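All chains are identified by letter, namely A, B, C and D, in their written order; residue positions are counted from 1 within each chain.
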Amino acid sequence: MTELIAEIPTWSPNAAEFLTFSPELAWVGTLCLIMLAPLAIGRDARMTAGLAMVGIAVTAFFTFKVMGIVSTEGPKTGLTPNLAGGMLIADNLSLFFKVLLLAFLIGVSVLWMSVSAAKEDDAPEFFVLLIGSALGMSLMVSTHNILMMMVAIEFASLPSYAIVGFNKHKRIAAEASLKYMIFGAVSAAIMLYGASLIYGFFGTLDVTLIASNVGPVLAAGGANRLLIGLAMFCVFAGIAFKISAVPFHFWCPDAFQGAKTEVTAWLSVASKAAGLLLLMRLANVFCQNAGAEVLRGVAIVIAVVATLTCTIGNLAAYKQTSIKRMLAYSSIAHAGYMMAAAAILVDAGTVESFTAISAVLAYVVVYMLMNLGAFGVVALVESRNGEDDSITAFAGLGWKSPALAIPMLFCLVSLVGIPPFAGFITKWYLLAALGEAASGLYWALAIVIVINTLISLWYYMRVVVQMFLKESDTPAADVPMSGTLLVNVCGILLIVLLVLSNPLKERADRYSAGLFSPVVAGLAAQPDEESLARSNDPVGGEPVAKDAQGG
Amino acid sequence: MDQHLISWIVFLPMIAGIVLLFVPRELVKWVALFGSGLAFVLSLLLFKTFWGGDAAAIFGDTYGTLHHVERASWITGNKFNIEYFVGLDGLSFPLFILTTFVSLLACLASFNFDSWKINKGIKAYFFLFLLLETGMLGVFVSLDFFLFYVFWEVMLLPMYFLIGVWGGERREYAAIKFFIFTLAGSVLMLVGLVAMFFYSADAVAEYPEIATSYHTGAPLTTGTFDLIELATNDAIQKYFGAASTTLLNVRFAPLMFMFLFIGFAIKLPCVPVHTWLPDAHVQAPTPISMILAGVLLKMGGYGFLRLCYGIFPVGGEFWAGFLAVIAVISILYGALCAMAQDDFKKLVAYSSVSHMGYVLLGVCVMTTTGFQGAMFQMIAHGISSPMCFFLVGVIYDRAHHRQINKFGGLWLSMPRYGSMATLGFFASLGLPGLCGFVGEAYVLLGTFQAGPKFDWAYTAAICAAFGVVLTAGYILWVIQRVYLGSVREEYKGFPEANGREMLILAPLGALCILLGVLPKQTVFDFMNGTLNLLVDQMNAVTQVAMAATGG
Amino acid sequence: MFEIGLTHYLVVATLLFVMGIYVMMTKRNAIGILIGVEMVLNGANINLVAFNRYNGMSGIDGQITSLFVIVLAAAEAALAVAICMNFYKNLNTVDVDHGDTLAG
Amino acid sequence: MGNYEIALCLGVVAPLFMFAVLAFVGHRIGKPTSGWVAVLGVLISLGCATYVLTGWLSATDKAALMATTGYDWVVLNLFGNEMPIEFKVKLDGLTVMMYFMVTLVSTCIFVFSIGYMAGHSDEVDGQCKFHRFFCYLSLFEFSMLGLLISSSIFFLFVFWELVGLCSYLLIGFYFDKKFASNAAMKAFITNRVGDFGFLLGLMLVFVFLQTFDLDQAAATFRNQYETQSGIFAADIDILGWHVSGMDLATLMGIGLFCGAMGKSAQFPLHVWLPDAMAGPTPVSALIHAATMVAAGVYLVARVFRLLTPDAQFFIAVIGCITLTITALIAIVQIDIKKVLAYSTLSQLGYMIFGMGVGAWPAALFHLITHAFFKAMMFLGSGQVIEGCHHVQDMRKMGGLRKKMPVTCWTFLIGVAAIAGVGIPGAHIGLGGYFSKDEVLAVAYERAYNWEDRFGGHAAEGGHREGDAHSAAPALRSGQVIFASGGEHADSHADAGHGGGHHDDPVLAGIAAKQHKIPKWMFWLPIIIAYVTPFYMMRCWWMTFMGKPRDEEVHHHAHESPLMWAPLIVLAAGTLISSFYMFRPELGEAAAHATQAPLVVSVDGEVPNKAQHELLGLSHDKDKDPHAALIGIVGFAWVAGIGLAILIYRNGLDLAERIRRLPLIRFFHWCLMEKLFFDHIYDTVLVGGTKWVLAQVSRAVDTYIIDGIANLLGRSTVRIAEFSGNIMDTGGVDGLVDAIGESTQGVGEMVRQPQTGKIRNYIMFGTAGAVLVLAAMIAVVLS
């Protein structure tokens, strides 16, 4: 028994470790504060938002503090902040994403303030759900343990289900949240089932160990191969649901259309990015630990799914009449582009995998700006013409309110991915990462991406046509200043990030290069061989083999 | 100022464009004129550099001698060194001047903006116009492939709006068609961009001993986007041209050549990807047609010379026969289509297809004379076709239609204009003594000269020569229908070309004659140096590649 | 006689999984679908516990994980019921097929 | 640069300057003055021409004069070598003669035009086009003179196109008239068809001879023939045919000749010239009679050294066909200008035919004499038309001799000149009597005496020319000189050659390569020599003699001095050109200009030392070309003119009766329809060859008239419409649209699973997952 206990990493938290955990704690504190605040200060939207901002600021403070620690001590020096007994990681990638989430939270809050706050009675609940899902997402990118992953995904998802149906009196909102919830529950269940099988095969839910054992287990032959594949795919399905990768994308358009636009903006970026970075982290772990054969199989699956995702996303967007639905499909397509980078799985020791992560990081940043801008304009336009989210509602916008139409144009063109907008440069990073991987599969993916770029032009331009090439009789209406400012900042940043993309790319490189790598960190060094030996042990093999033969 | 002269010229229009957003409406066009005019005047300063007879001193001993070079690091990822690298040589200089010149005239041609059918948004119009000018100038001076690509795509959006907002009846269709076609061409170029970088990295790793950089003199160690480096570095050329270098199991040079070629061929345009051109031309407002025909089409030809043939001569040799077929078809088919048109502008547009076919033919035979001819043809067409388009525009302003068969006898009612029209159309026809002739003659001679190398060259030359007859056919026929014949009642009162119109036509007409009479002094002296060196370089590479294949 | 071993548990878990999936795909009642989800989750739980018990795993990882799963299921169920009620409030039914306004 | 070069260039530039003046400020200068400005320009040219001519005739060392300096226009790159295209003045006897002729005729016509255009240039809308006419004329003058002084085939081509442009502009001068603009277009496009061949020839010259300079090209050609290298060793693939060696050289020659076919309106490209009469009459006189159309002959003369026997034979055949059919058509024309146009065509045919049979000096001699008398007749007809207020129909004229005496008699001189009036044996005659008959004499030699002369030597005669013979300039030129009448010659002045041709193996060798021409090619021109006087006399008689047939026309008829003075000058020119100056100089020029390795220039007469004197009579009594042909053609003019007078002496009745005779009627119909060329071009291209027969019957329908205009204007348009409208919209765009639509279709399809029903979502999701998983398993397992 002592042996067993020795194997479970003991967790005796100290101050330093708490500090690395502080952003999450601050987040939880904020949640509690906002939940309790109505008792003291009432349900005023402004006050609540102010409170949320304070919480965000505090969280940001701690996040930067932790970043400082990580970057000085460095993840690869063995001082990696492993939390909760190795369940959580606070490395550059997760911290970077937290910063991004915070920034995005501010953006979404501003948007919410300018379009919804006035008619909203449930501000505290809104912020609780929003920040709650943010916390879940930040946990998603901070783990490579399947159990923690499941918990984090649920943590991110549950508030999301609720926030999609936040508009209680709207039929489509209720419908959307129900669909989202059911689909989410189903994929969670499947993921859990897959996780249980994986646990059976490898005796652990730590992906590092799984990755290093999968090769030998496979080499043992037999039906394991199929079952392991099935189990891993089930887990992958859970992540794919968050990314809304085909064929787990069905919830996405419906949920996005039914939800409030600012919520759509939030989900379209944050939850997908979290899922993607989680996938990237797992891919990275696999790269470091698994053998070439496994990598090839995994890469092909991801590549196929990525291809399907971007192609179907783009094609389905073609004839949409609702701009939110169209942008929802567009977000599916973009998830597909980013997923293509996750397919870059090459043998350990090469740098390509972190190039891919770097590309995705940069992409996520710009993608956030583009979607915030685009959905921001949609929300603003909707708010002044009675919730009409059809594309034709944009007719003549370019002449009536250029302050909205021009950032919208920037965002849309950037979404297509052509200069002079940052969407191009990040797409270029993706392609470069694929090119650097230098194999037929990745060149094919690159070609898939560029062809999809071409396909996507058509439906993005439909909006542009409405805005600038069509006339409309409806007079221009006032739009809230703060929202307008927000979308314009997004639009301008898109240009700035093209011209001065170095800072972005440098950071992306730095944070991805500093990705916590368990093998290097030494955590898995010991258990590695043991668990490997165990996996080869016939104890596990016998019943499973029987089972497979029976099935 | 002097050392940043090119940058000033390139960005001056854009600066003027931004300035004009803040001036009163009446001043807008004058600011625009000032911007493009100043750019033109400054570009004339460049003659100082290229003047004089000593070709070796001006153009160097090998391909790659540049003037007014500006190099600055732009995007530096962990591997890339994307530069802001601009400069001029004999290839870009004439086209650069042409661009500033045609833009100035087009700006002047836009001065009757207020009398257009769609005359809203004068600021937007001139802003986009100037942005377009910056994009065009940037394409010609960029020597970094990435920068080239960015400028290349920067032009898309302004052009889209210029056609889409201020165009004719079917402007939306034409604009999106232009956009999609051009983007379709450039997405594959993007893959080429990635591939060329990483393959050049492989190349210098493969042959480090011959990887001496023309720029630093030291061996190149990384991949590069430097267009000159890609063309002149022995290691890169050897690796690119080798039969063993493949991408997606296809030989590298021909594949890359095709990737790039498709983009440029669409821009040129040649059959069968030309169909965007008639639509775009017909729908675009007159000044934009001038720009389209005068400058944009030249980018295709410039791309051939700078990229396709400069970097992948082996690919050029591989595809030569195919390209010649396309070229001859373009020449003949374009002429036949021109003949079939009722719409005056469409006729001129198709004539562009035909004329640009000569450019393709000139380059595809890979002879010095052919290259010179292609280049001259581009310049000449850059003079004559804007003139023709403007001539059409002048009567469109008066008659508000372009049906050739409804006109007649315009020479009688507008004698001065009629004379200019005759001059312009005869220049387009390729009459000796006018600019259209020299290029065609050179191309034909160059093609015929390629006979020993390519069996089909004689046939191609003869077929292309037959295009001369067809050209005469459609041009004379249109002159007859529009300008000759008895004057029609409804056009009797047409006012003669006014001062502004003559101010645009006169310089174009003068250049038509000047280029035809003194081709050496006006054009060839400024470019032959570089072209000859390029051909030398190309021949050396193809011979090495052939020897390698033979061995 | 036979001893009840890992295989039996796995068979039961698999059956639960398959039944759960079937239920999810066929039930029109939202609550029914949720029950399907619970079946799959419980299949997973059985797997976890059984593996931990029979497969020579050290520690009680499996059991603990199954506890996590139970908690997650509970949280999910709570939220799901709330959302179902909201759905019912808006549509007067919990037949999920009626919620097809958002489509295409 | 020598003085003469400068003078020639000045003469070229002066009209260009006047062109510029007129183009920019012409409308301010006003009506008569702008004409005089143009005349000033051409007078300068004439002055230069005279200066050069006198200098040339008096020069002793002509070879020194001929060496002129050049200027590199552009520098081409040919197989890695630099090959400049040089602008250089060509200064030789031919240039000098032609230059002088052109400037002289032009001056007359310019002056005439001032009078003529005064009544023809006022246009609608108060726009006066008077200055524009002279503007174009000046441009033409520049181009034509430029063409003459170009020493490079490339520049020949450049100016060639420019004269074509001027022709286009001037034919279409009354462009408000549909027929005029049609005719202009037809002219230009037909010429372009010829130029297409010219361009092909140019390219062959460029690639194989590697120079555009006429002299160098000739030298290279000769050298390549001797060493059997270059073009003679090449084998190229053109449009799927392999052409090699001599055939390729022939192709080059024919290609270059194609240009001449267009410009000189040779069969089958002759159709544009009659229509070109839509231009003002002075234009017809200058461009379409005297100068531009003769440029084709000039071109053949210039590239004579690059011809092969086959190419030359081709030229002869084309010339022969042209001269025959056009002369026949001329018989039935009723429009005075059309008669002249067809007669011009016929005479051009004689010239080309002359070139084809090797009568180099004779053809050029005919060119010059013809230029004078035909210009004169055209101006005469212009005078008539002007006097009769734009009536051109000869049936409405008649009896004008009293109203227009000068015109009448000068016209008669023209008729006499073209008819070849002369007294055989007495060496008295006019124009064609010497020039045309000399062509015929050479043809006779080629048809009947050729093998007798050289055949015997063909076998053993060496093909190479040795250095030993280079001492003899006349022979080096490859020129065969003989006196007519089967008596060979002779007594040729060149002392180095006492032996005569029979004994000269080199000459014999060259000559033996040439074919004997078929006999019909001799007899057809002879027959036409009888027809020519007939239709010309018919024309003169119908116009000037008899009784006035239309009172009104007759009433208005008048002459004006500005217009008849040039007629007199040209009449003088006709007389002079028949006797003095030109013929001996051309004979001498031939020595240099015909140094061909493969073909020979056959001189119908022997130059005499004394003829080098300016005033020396050219036609040596003993060397009369008629000596042999006296019975055949010597009195052709008597027969032709006589028959014409016989038929038309009492008005048109007799002619009308003859016309109605059964067989004649058919021929008349054929000729009236211009032997259906226009129709054929139309129909062949409309329906394709397999429809030709069916279409010929339809061609009678009057609505298909407009020949070449429709060649491209209707038939090709149908192809073009097909390609432009059907292919582009249906094909390429269709494809693109189809891709777009199918993309949208696929888009629609992938949306189908998005039913909105969550159960479906779960099902599709699971199914999709299973599919992906299956794919993965398939890959991993494989």
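Here, a residue touches a chain if its C-beta (ideal position, glycine included) is under 8 Å from a C-beta of that chain, and two chains touch if they have at least 3 such contacts.
These figures come from a predicted structure and were not determined experimentally.
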Result of counting contacting C-beta pairs for B-D and A-B, higher pair: B-D
Chain located farthest away, centre of subunit D as origin (C-alpha): C
Averaged-CA centre spacing for the pair subunit B and subunit A, given as whole angstrom: 44
Distance from the mean Cα position of subunit D to that of subunit B, given in whole angstrom: 39
Separation of mean Cα positions, subunit D and subunit A [Å, integer]: 81
Geometric centre distance via CA averages, subunit D-subunit C, whole Å: 98
Shared-contact residues (touching 2 or more other chains) in subunit B: none
Junction residues of subunit C, two or more chains touched: 21, 24, 33, 96, 99, 101-104
Numbers and ranges of subunit D residues touching at least 2 other chains: 751, 754, 756, 758, 762
Touching pairs - complete list by chain label: A-B, A-C, A-D, B-D, C-D
Residues on subunit C engaged by subunit A in the complex (per definition of touch): 5-7, 10-11, 13-14, 17, 20-21, 24, 30, 33-34, 36-37, 40-41, 43-45, 47-48, 50-52, 54-59, 61-62, 65, 68-69, 72, 75-76, 79-80, 82-84, 86-87, 89-91, 96, 99, 101-104
Interfacial residue positions of subunit A with respect to subunit D in the complex: 178-179, 182-183, 186-187, 225-226, 229-230, 233, 237, 246-248, 250-251, 253-254, 293, 296-297, 300-301, 304-305, 308, 312, 314-319, 455, 458
Residue numbers on subunit D that touch subunit B, as the complex places them: 23, 27, 72-80, 123-125, 127, 132, 157-162, 165, 168-169, 172, 175-178, 180-182, 184-185, 188-189, 192-193, 195-196, 199-200, 202-204, 206-207, 236-240, 712-713, 716-717, 719-725, 727-728, 731-733, 735-736
Parts of subunit B lying in touch with subunit A, wherever the complex brings them together: 74-80, 120-121, 146, 149-151, 153-154, 156-157, 160-161, 164-165, 171-172, 175-176, 179-180, 183-184, 187-188, 190-191, 193-195, 197-198, 202, 247-249
List of subunit D residues in touch with subunit C within their complex: 751, 754-759, 762-763, 766
